[in-house]
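Each chain gets a letter, A, B, C and D, in the order it is written, and its residues are counted from 1.
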Amino acid sequence: MQLGMMGLGRMGANMVRRLMRDGHDCVVYDINAAAVADLAGDGATGAGSLQDFVSRLEKPRAVWLMLPAAITGKVVRQVAALLEEGDIVIDGGNSNYRDGVDLGAELATRGISFVDVGTSGGVWGLERGYCLMIGGPKDAVQRLDPILASLAPGAGTAPEVPGDTASRGYLHCGPSGAGHFVKMVHNGIEYGLMAAYAEGFNILQAADAGTKARAADAETTPLAEPQYYQFDIDLAAVAEVWRHGSVIGSWLLDLTAGALKDDPDLKTFGGRVSDSGEGRWTLKAAIDTGVPAPVLSTALFDRFSSRGESEFADKLLSAMRYAFGGHVEKKG
Amino acid sequence: MQLGMMGLGRMGANMVRRLMRDGHDCVVYDINAAAVADLAGDGATGAGSLQDFVSRLEKPRAVWLMLPAAITGKVVRQVAALLEEGDIVIDGGNSNYRDGVDLGAELATRGISFVDVGTSGGVWGLERGYCLMIGGPKDAVQRLDPILASLAPGAGTAPEVPGDTASRGYLHCGPSGAGHFVKMVHNGIEYGLMAAYAEGFNILQAADAGTKARAADAETTPLAEPQYYQFDIDLAAVAEVWRHGSVIGSWLLDLTAGALKDDPDLKTFGGRVSDSGEGRWTLKAAIDTGVPAPVLSTALFDRFSSRGESEFADKLLSAMRYAFGGHVEKKG
Amino acid sequence: MQLGMMGLGRMGANMVRRLMRDGHDCVVYDINAAAVADLAGDGATGAGSLQDFVSRLEKPRAVWLMLPAAITGKVVRQVAALLEEGDIVIDGGNSNYRDGVDLGAELATRGISFVDVGTSGGVWGLERGYCLMIGGPKDAVQRLDPILASLAPGAGTAPEVPGDTASRGYLHCGPSGAGHFVKMVHNGIEYGLMAAYAEGFNILQAADAGTKARAADAETTPLAEPQYYQFDIDLAAVAEVWRHGSVIGSWLLDLTAGALKDDPDLKTFGGRVSDSGEGRWTLKAAIDTGVPAPVLSTALFDRFSSRGESEFADKLLSAMRYAFGGHVEKKG
Amino acid sequence: MQLGMMGLGRMGANMVRRLMRDGHDCVVYDINAAAVADLAGDGATGAGSLQDFVSRLEKPRAVWLMLPAAITGKVVRQVAALLEEGDIVIDGGNSNYRDGVDLGAELATRGISFVDVGTSGGVWGLERGYCLMIGGPKDAVQRLDPILASLAPGAGTAPEVPGDTASRGYLHCGPSGAGHFVKMVHNGIEYGLMAAYAEGFNILQAADAGTKARAADAETTPLAEPQYYQFDIDLAAVAEVWRHGSVIGSWLLDLTAGALKDDPDLKTFGGRVSDSGEGRWTLKAAIDTGVPAPVLSTALFDRFSSRGESEFADKLLSAMRYAFGGHVEKKG
């Protein structure tokens, strides 16, 4: 079927390519004309302006936006102003699900369907397919089925249940906002999983602590039994072996094994870990609904700390220690 | 090759079966004679006593113990008393790696090799193979290679690197104790991963909080924006869709999807979550070596709480609230 | 000076009493006529309706609201509708500071000053005085100084710095909203402090763990060195001794010592710990501003868990354990 | 009464001074002869060697050691070798309570009493008195009562209960090891309290986040509602006001207020926070006894992180993000 795609960054462009491979007809637009030309060269229909883009779409139209969260709401409204009853707008970006709830209600008053699609798969999605979590009106989601089926990993990645799209990698989760809600929690979980592996490998790399000299001063806790910390563990090999038959096998572990194989000391990284908004929104949802999420919150806050945001708190701890005990801070 | 297996519970018996399928010759012993008879019926050589068991093994002997951690150390010493220079004792149970360090040194004085094998794979290992993390003297580990290769998942479960046992599911991690050290951290990570999924699904099941009535009293925080919590999420379907192409795909997620499909409300479970020792030892290692492990510790402590162990602390919080603010505890 | 107080619950009534003791003239109103009559009997001027209440106040008026957070915003607007340029509305309740920011801007358009006062002191405030954290326009806060000075603990509770109201227990923290912002963080800290004591006393009460029998099954981690857990600690006495000269002395500890003296086993409490909104809003502020708050969040989430909100997550953990290892849940 | 004090560092020397003020007779020894001479100048009896020290003590002897934890056990045994039945050795340092359990049993075989005294009060103890948590045989503890009573803050710091030493600042908590056990938990709590304040003040200092420019890239979560983060909070003033009548008043807050007054930006501190062993041992006790301690553990792990110990974990997180999403790390 025909789909209009607006926003041709890494994600949007790859999604267009995956769709065209499956025989879909894509009309594409981006404020970056080179990105449009690029995909036009691959067989897409390029548009030179938003008006041009909309005019090239057959009614009822389906417009997929793949844009930074910060501008998505504004652009949805710009696009919707050019659309008509029966058309569909899809937001596949990392938007806050609350915007989906609001936009769904707003566009519904004009007969336009808003569909939010949480999209996981990253740079691997072009080949592996994208896991799609979908919110929106049922008839709109059904109309998009050919598109969704092509973007998703599809049958064969696991035993397929007839009629069950989840086993092919896409799922209608509920009304507008539900797709981004599920994607939000997905990312919250992702942070927790990543932190669990990271902490574990950090302990493994410290398994030789007993072989190292320690300062013998009142500000350094001695290692009481150094004989138990004499191991020199090959982290890349451990990551690899865990991929085979262990309980903790996962795609993240596959990637971790690859990263450690390429760069065992991770020298190319500095350890400042960004977070996009989903982990934060997940915690706000947990707080609002009274659900305990201590692991997910700890994982998020560790990212904040990795960026130096605990510095003032740490200074205050040192100041208190100096005030009650005369403890002078050790230098690193 | 020939292997003596002592301890024929679920794990030990299945390992014997997997070894025999691959043509190995197994001598088996257990204080439960029925377990011995069972495997003898499948082709193993049964032994009626520890002495009998040892006498049926060809020198240099290889004895694998698959016993509860609480008795392993004692039995290793009993067995070792009957062994000779050149023999190997393997502990494949969930023992503390510190025992492995100590036993390795102790048995080495008599020329006996102690090999500790952390074993992951659970009830699925018979078919999938076991992920093996191995500590001990190099020559002993090499002598056991045919056994280890048969127990492990083997080639084909992922692209294999020639000569690299890790890509076939087993790895010599270091001297005695190293195998259980790596398995210990493996389980520590496991707790963190499990908690991340559990918290995430708990948030998803609360996505309908806005549809429910709340008490309107000073002891209940109101839900400020109920319009954003109107979703009725199908958890089993979400678990299924995440298995296909998402960043958080894993074997634990595969199992979770199955569990939620069979019993969406998890009615057969009460929520008292046990922990075996590895998570605890992982944290002690983190503490000794000064490595932060807030996610892994939070995951462990949540299991303690699930068993009611925070009750006194919670009562004290209520007592404080009553003391400073006159707050009377709400009943559940 | 004259003050109108609306909302004569435990907090509001006691504040009126403390003000009248210091010679202030209080006009009081509540939808509960008995509460009005009660304070009228003590010397306050009672009002029978909101209109009556406002009419009895001298211009420029000062109206203090001490109401549940859920209705404060609505009532502020009702009252403000009856006020004029130059009047002041004070919200002394546990409101979200964001409402203060919004109301401050809204009322300013009509020349009415909105002052938000975070109030700590609980049931002890009548005697000890209230710690006041104040937001709002500078001139309004200065006009209220006599009232604020009387409500606060005042000089003598600690060495006083001339001209420094903080050392007398009240502080103008910034524009509208700032008072409730500071109070919000105050309560966030409070949760963390309380949890630290509660966890510590929970460990102390378990110091006899080595004297107790433990189940010896695969689902129960054995206590490796019971000889180190043979203590029978008198918690009330420990709480008392810590009050004298230790680093962890505090008012919360004073109250804890009292509570443990009265009821050493805390039998009168069930351990369901409520939270009002401030701890939640503190975390949202931390999340928005990217500040790590793992201790405060853990403290909040433990309260959620104390109310059974981790049940589904815990069941899922048991379900996973059953799925990979055949572990059958232990009953409590 | 007479007391021998060995170890004349900041703590030991001040304790001798406090004892002499109360009329006690102190024999003092240290490997640092200047420290001995110093106190001899103040009226103590100096000793030139361990033998000389012991010979100057009247039988039955009482020897108090105030030494670094790392050497205490060895020195206790050296001293005990020179003592006789009926003598008492007191360890007032920050030792692991397990050493106290072991030493108590060991010295008891020779009729020597081992008393462990957890001591809180820091550099303020000379004037305020020391909070003492005491373990050991009852008769030995009673014999030391005059010394303990002089070191403790004493009556008047709070309403005194007749015959109750806890209300005068010292407490016999149980057999050998009990004193250090209680002190250990005391310090575990201390870390939690400190972290709660530190996180809270860190949030307060970020209350102006909405006034600052943020990078507008995919790696930086935007601040959705900057209008709510426009406050410029005076942290020192807030710390001060909280000391008066609020629920979170404490001695640590008193010290925090002083520290912030002297150096509002805490420029003299770098934020590398040391930990002595007690926090670590507290967690090990929690782990052994199955008591949840998520707040105390988070507080400890944050100190580890403040010293850069999460670096490898953080790099691994960045490596994973790059692997699945092509995210390039932002520079600080």
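Assume a contact is a pair of C-beta atoms (placed from the backbone, for glycine too) under 8 Å apart; a residue touches a chain by one contact, two chains touch by 3 or more.
Computed from a prediction, not measured in an experiment: that's the story for all the values here.
Trainee: Based on the averaged CA atom positions, which chain is farthest from chain C?
Mentor: Max centre-to-centre separation from chain C belongs to B.
Trainee: Report which of B-D and C-D is connected by more C-beta pairs in contact.
Mentor: Result: the pair with more contacts is C-D.
Trainee: If you average the CA atoms of chain B and of chain C, how far apart do the two points sit, in angstrom?
Mentor: Their C-alpha centroids are separated by 43 Å.
Trainee: At what distance in angstrom does the C-alpha mean of chain D lie from that of chain B?
Mentor: Each chain's C-alpha centroid was found; their separation is 37 Å.
Trainee: Using mean CA coordinates as chain centres, what's the gap between chain C and chain D in Å?
Mentor: 29
Trainee: Give me the residue numbers in chain C that touch at least two other chains, ranges are fine.
Mentor: If we look for residues of chain C contacting two or more partner chains, we find 122, 195, 197, 199, 202, 221, 224, 247, 251-252, 280, 286, 288, 290-294, 298, 302, 305, 307, 309-310, 313, 324-325.
Trainee: Would you tell me which residues of chain D are touching chain C in their complex?
Mentor: Its residues touching chain C are 97-98, 101, 120-122, 125, 128-133, 152-153, 157-158, 164-171, 173-175, 177-178, 181-182, 185-186, 188-193, 195-197, 199-200, 202-204, 206-207, 209, 221, 223-225, 227-234, 237-238, 240-253, 282, 285-286, 288-296, 298-299, 302.
Trainee: Mind pulling up the chain A residues that touch chain D in the complex?
Mentor: 10, 68-70, 96, 122-124, 194-195, 197-199, 201-202, 205, 216, 218-222, 224, 251-252, 255-256, 258-260, 263, 266, 268-277, 280, 294, 298, 302-303, 305-327, 329-332
Trainee: Taking the complex as given, what residues does chain D use to touch chain B?
Mentor: Within the complex, chain D contacts chain B at residues 247, 280, 283-284, 286-288, 290-294, 297-298, 300-302, 304-305, 307, 309-310, 313, 324-325.
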